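I'd like to ask you about the structure that follows.
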Amino acid sequence: MANMTFSAAIDRAVMEAMAADECVIIMGEDVHMLRSAHYTRFGQQRVFPAPISESSFVGAAVGAAMSGLRPIVEVMLVDFVGVAMDAVLNHMAKIETFSGGKWTCPLVVRTACGGGYGDGGQHEQTLWGMFASIPGLTIVVPSNPADAYGLMKTAIAHDGPVIFLEHKLLSESWLEFLGRLGRQTVAFDVPAAGAQGDVPANMDSLPFGQAIVRRTGNALTIVSLGVGLHRALEAADQLAEHGVDCEVIDLRCLQPLDARTVIESVSKTGRLLVVDEDYKSCGLSGELAAIVLESGLSPHYARVCLEQTIPYARHLEAEALPNTQRIVEAALRLAAGEKQRDV
Amino acid sequence: MANMTFSAAIDRAVMEAMAADECVIIMGEDVHMLRSAHYTRFGQQRVFPAPISESSFVGAAVGAAMSGLRPIVEVMLVDFVGVAMDAVLNHMAKIETFSGGKWTCPLVVRTACGGGYGDGGQHEQTLWGMFASIPGLTIVVPSNPADAYGLMKTAIAHDGPVIFLEHKLLSESWLEFLGRLGRQTVAFDVPAAGAQGDVPANMDSLPFGQAIVRRTGNALTIVSLGVGLHRALEAADQLAEHGVDCEVIDLRCLQPLDARTVIESVSKTGRLLVVDEDYKSCGLSGELAAIVLESGLSPHYARVCLEQTIPYARHLEAEALPNTQRIVEAALRLAAGEKQRDV
Amino acid sequence: MVELELYKAMVRARAFELVLAEFWEAGAISGEMHLGTGEEAVAAGVTRHLRSGDAVSLDHRPTPVLTLLGVDLQLMLAEMLGREDGLCRGRGGHMHLFSKTHLAASSGIVGSSGPLAAGFALTAKLLRPGNIAVAFFGEGAMNQGMLMESMNLAVAWKLPLLFVCKDNQWAITTRSVDVTAGSLLERAAGFGLPCQEVDGLDVMAVAETAGDVIGQMRKNPQPFFLLARTSRLDSHQMGDPMRRMAQHPVGEGGKTFGNVTKHLLAPRGSGPVTRIKSLMHLLALLGDSRKDVREHKTDPLFLTRQQLEQAGQDTESIEQDVARQMEQLVDSVQVDSPAGGAHGKHDL
Amino acid sequence: MVELELYKAMVRARAFELVLAEFWEAGAISGEMHLGTGEEAVAAGVTRHLRSGDAVSLDHRPTPVLTLLGVDLQLMLAEMLGREDGLCRGRGGHMHLFSKTHLAASSGIVGSSGPLAAGFALTAKLLRPGNIAVAFFGEGAMNQGMLMESMNLAVAWKLPLLFVCKDNQWAITTRSVDVTAGSLLERAAGFGLPCQEVDGLDVMAVAETAGDVIGQMRKNPQPFFLLARTSRLDSHQMGDPMRRMAQHPVGEGGKTFGNVTKHLLAPRGSGPVTRIKSLMHLLALLGDSRKDVREHKTDPLFLTRQQLEQAGQDTESIEQDVARQMEQLVDSVQVDSPAGGAHGKHDL
């Protein structure tokens, strides 16, 4: 058992995978510094600092993966995947189908996402819903060090493309690099249990597609992931004081999505609240609505999502992102509605 | 009143807008040929054939729009927006917010989408759900010539960015250019009422965000758009024979989305079937589920969507895309469930 | 004897293209069909120097190179017929032919062969020293950012990547020179790429240059840019309007211009000079498009055959031999239903 | 007298950057802060020749140019404080400063100033002949596909677009030369762009070249590529590890290397030569990063002041004058709460 930060847990999973398999390589901008430990240990034959050319080096990662390497390709912020979307949408996601299942593409796109440190709307998006809409991709969004470690291990071992999203508010190194930058004068609402925690010594990989119930309750199911999960847990504590007993589910993966855990919980509580830091429209929050409806449930439903381009001003940003207050209010409204109509 | 093809209706709307306002320009690959009529009439000062450089010419359209022009920028197939996604995601959609509402970006991205002619998974996507997830964009998907004409007029006059999706199976010129190519030996399942139709002489623009009920019924609401709408109408005819009386709604826009029309219908029928040619996960079909649940309804729900990378083989393609048979089967299953549980 | 071998390779590649054309015309192959007719000399000249472990990335005209790499023709044809026993189980189709055995992949996204080959080359460098990767693409793709980026990447990372630009001067209906600034060689050289131009209609010239370059790359991993003039004998794609226009100038030409002339005189618009200029441009393009098809001098097969015949070589037996193979290939395939017809069973 | 005016412009730009640094340090400005210190000569030399109707697109260091274009400093500062009365009502922030009045836009996506300016230039050409557009970007951005594409586009479409590459040799922690192949001038020239290199620390040199070039562009719309060496006086961004390392080599250096040395000897990995090579590379980068900050000779302000003083000009009064203006600016702004504190009211 070791206690470590979220970013250290990911770095460790990568480190171990690189030590175990010389086909695992890292490529991306500034990786000699960002992953200086890996760079020192494995050198320039395994860690490739790239030019600011995402569309070609993400595309190159696809080719590298197809021909025998297992690249971890880093796109600093997920927002920048915009310039490399073709490699994601039209190549890595489709190789396996196009080749009739005969050729796979084992790579990990490691990228930082999320807001809450005042960097503005072009640098704080999450975009996981966009990726999850594309068949052929695995989408991972861990909420704590142990999950991050286990899911990164699985991602590197997986024979298909994985988008691994590292939330900046959980990732000490990214938050330090983009938000705090040595200042003592700024504060961020960092979920402590997500940013630092124990990683069991015997832990290896964690299977994809397994959501986990972080808190049990009977009145209402909150489904979330990443930082939103911690906001939801905080809200659940407050809601308990209001007599609303929440069950809180951490999805961990958007694709494959663990519908069963969600359905089981909602069939018990009759109420579903989705807390999603990604854009509201045509995303994860809707997908969960569809999944429960398809399963024959008809819960009371609400969602707390991002509904606009993230504004720069920190007070506006705090309102735009799903915050505890918005979650509590939405949950109270949901709880006030009559209990589930029928199942 | 004039009877014309879907593509001719769009071309006419563009032609009229260009004649009325010299700020309206066209840019894109091969537009001298694809829009040869516009090119002949307005010349090289208004119609700009572009290199195969989508990320720069779509980005240039943003700059052109911000500085006084009203560009219609053509990306041949929506699949190719992958290489220009940054301009869409991080620029055109965000300028208005970033500038505090002081600067707008009046442009139309005109792009062909959709499958059904055997061109494979990198050329037949629709991706409208992906665009609709991005705040700041208007997303238009017409299903017939009159709507296409009216919505294109509105799009060109609109002061923000509009993604205008032209389904290839409705668009005679694209289908001819990509699918038939002069052959008499291939057949496509073209919805006649969508590919050709009357455009009222006095018609001008058609407001965004107005869905329309194409067929009234009491047993089940089918919501669709584009080619899916026609498949749904065909299915509804068959379903009527089975005694299932369907209401069929044509969304026409994904953003803004006319929730009211959908909710009104579903509150009547208690059953919602979404027919969406876009990917199933985290897309429009889920969004509609969320919208009805949010409104307090709890309908029986199902969806017929694209669930995989589109396979090349025409018989596999036909199964992968929402087809009439799949719609009928899903509707029959829905109809067999008990009537709406409560409202 | 090398020449005859190369010629045979070209004849074989051409023959397969023509088989595809036939099936496509018959409606048994769906979608767009971009033939590689006119590129055979480049395909033959380069692939002759490739060996096991080398990787190639291809664009929307993948078949000549795949044919010459030795990918099973029957598997490819079955793939394009959309059959379960096809190369990619009918999932990929003409623009997405993949053979893992040959480390060969294709894509319909213009320019994407650059980044893909950069990845192939990286693997070669790290895991299979001495192997190389080749990216094939058209001159139109030279304007796609990801391809340019990959040129920089290949030089910066010293990748054994051969960029082969097949310059047929056209991108669909666009004369590439009209939208491409500077010269392609200077553009590539601007990335620090060693470059060479070669006559892509002359298979021996291609083979010689490619041999030299690839030999060097195997010893000392670094990229190279080869610019090869080719031709587009069957227009952009089977059955496209310019191809039809070239075949039936009057009928198709008239049809294409009905729309245009109507608007030549429409009120409101540009002045007459601009309009005439546009019209002349369109007419010139349609005229130009007929050249490649009509003139033997742009056909690499014709040129090579001429050279060989002048040298007293027997080319006829090669042609007959390949023709027979193709007949067998066609005979062995039964098409139950055209692509556009009923979507019934597709068995062998 | 032109020199003094230019110097004043530079002093003003620098002063505003330092005001921002102060507010940022105090926690009143959030997120990343990329100062433009070291770029003032380029900003001053180019903007001096711009006039109403010209448009500029900027990267993540937008403030010097905006300051010199005459954008209200108070509005900009208020914007960065996230206030409703800011330039963009607090929605944009430091990397997304927009002034429609000045036709000036910025973006945090590296390379995106190229396409945007191409659009600006197209409008200028069509609607405002004689006007031009300018794209500012760093040498790191030269590897971004969309920027390269826009160079081709600008030449092909004959756009009045001045590309200004501010070559400070760094992209975050990367020496750009390590990942950039060929020479930047040759790369630009490869697109058929007329090019010129200029000492970007010498404001008169920049102003002269820019004046000539822009004058020509107004008469005859076509693009131009200006390569200007600049420096990065405050590292990549305020407070980044390399900046801290430069300021406190021992403390920060030690911290940075704790992690690294631990893995220098870890079992399984590369051989010792490779490891030492990596370590040396990192050490060299950290060492290099201190140069710009410490050496006056890389500071355009210092250099210009020296030149002027040698010519007997009075630079002091300019400095004092600007300093007073900045004090007033700072005084006029009340910061109720730092960006990281309570999200309370933000009134003037």
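Order of writing sets the chain letters: A, B, C and D. Residues in each chain are counted from 1.
As a working rule, a contact is a pair of C-beta atoms (placed from the backbone, for glycine too) under 8 Å apart; a residue touches a chain by one contact, two chains touch by 3 or more.
All of these numbers come straight from a predicted model, not from anything done at the bench.
S.K.: More C-beta contacts across B-C or across B-D?
M.R.: B-C
S.K.: What's the chain with its C-alpha centre farthest out from chain A?
M.R.: Of all chains, C has its centre farthest from that of chain A.
S.K.: Just give me the whole-number Å value for how far the CA centre of chain A lies from that of chain B.
M.R.: Inter-chain centre distance comes to 30 Å.
S.K.: Take the average of all CA coordinates in chain B, do the same for chain D, and state the distance between these two points in whole angstrom.
M.R.: Inter-chain centre distance comes to 41 Å.
S.K.: Just give me the whole-number Å value for how far the CA centre of chain C lies from that of chain D.
M.R.: Result: the chain centres lie 44 Å from each other.
S.K.: Spell out, as numbers or ranges, the residues of chain C touching 2 or more other chains.
M.R.: Residues 88, 90-92, 96, 107, 109, 143-146, 149, 152, 156, 178-180 of chain C each touch two or more of the other chains.
S.K.: For chain B, what residues touch not just one other chain but two or more?
M.R.: Residues 45, 50-51, 53, 55-56, 79-80, 82-83, 86-87, 90, 94, 97-98, 120-122, 309, 311 of chain B each touch two or more of the other chains.
S.K.: Okay, in this complex, where on chain C does chain A touch?
M.R.: Contact set of chain C toward chain A: 55, 57, 86-92, 96, 98, 100, 103, 105, 107, 109, 112, 114-124, 126-128, 133, 145-147, 149-150, 152-153, 156-157.
S.K.: If you look only at chain B, which of its residues touch chain C in the complex?
M.R.: By the definition above, chain B touches chain C via 15, 18-20, 29-30, 32-34, 36-47, 49-53, 55-56, 79-80, 82-83, 117-123, 177-188, 309, 311-316, 318.
S.K.: Once bound in the complex, which stretches of chain C touch chain B?
M.R.: 24-28, 30-33, 79, 82-83, 88, 90-96, 107-111, 140-141, 143-146, 171-174, 176, 178-180, 237-241, 244, 256, 259-264, 266-270, 274-275, 277-279, 281-282, 285, 338-341, 343-344, 346
S.K.: Using the touch definition from the top, list the residues of chain A that touch chain B in their complex.
M.R.: 55, 79-83, 85-90, 93-94, 97-98, 120-122, 129-130, 132-136, 254-255, 257, 272, 278-279, 281-290, 293-294, 296, 298-303, 307-309, 311, 337, 341-342
S.K.: Touching chain C in the complex: which residues of chain A?
M.R.: 23, 25, 45, 48, 50-51, 53, 55-69, 71, 86-87, 90-91, 94-95, 97-103
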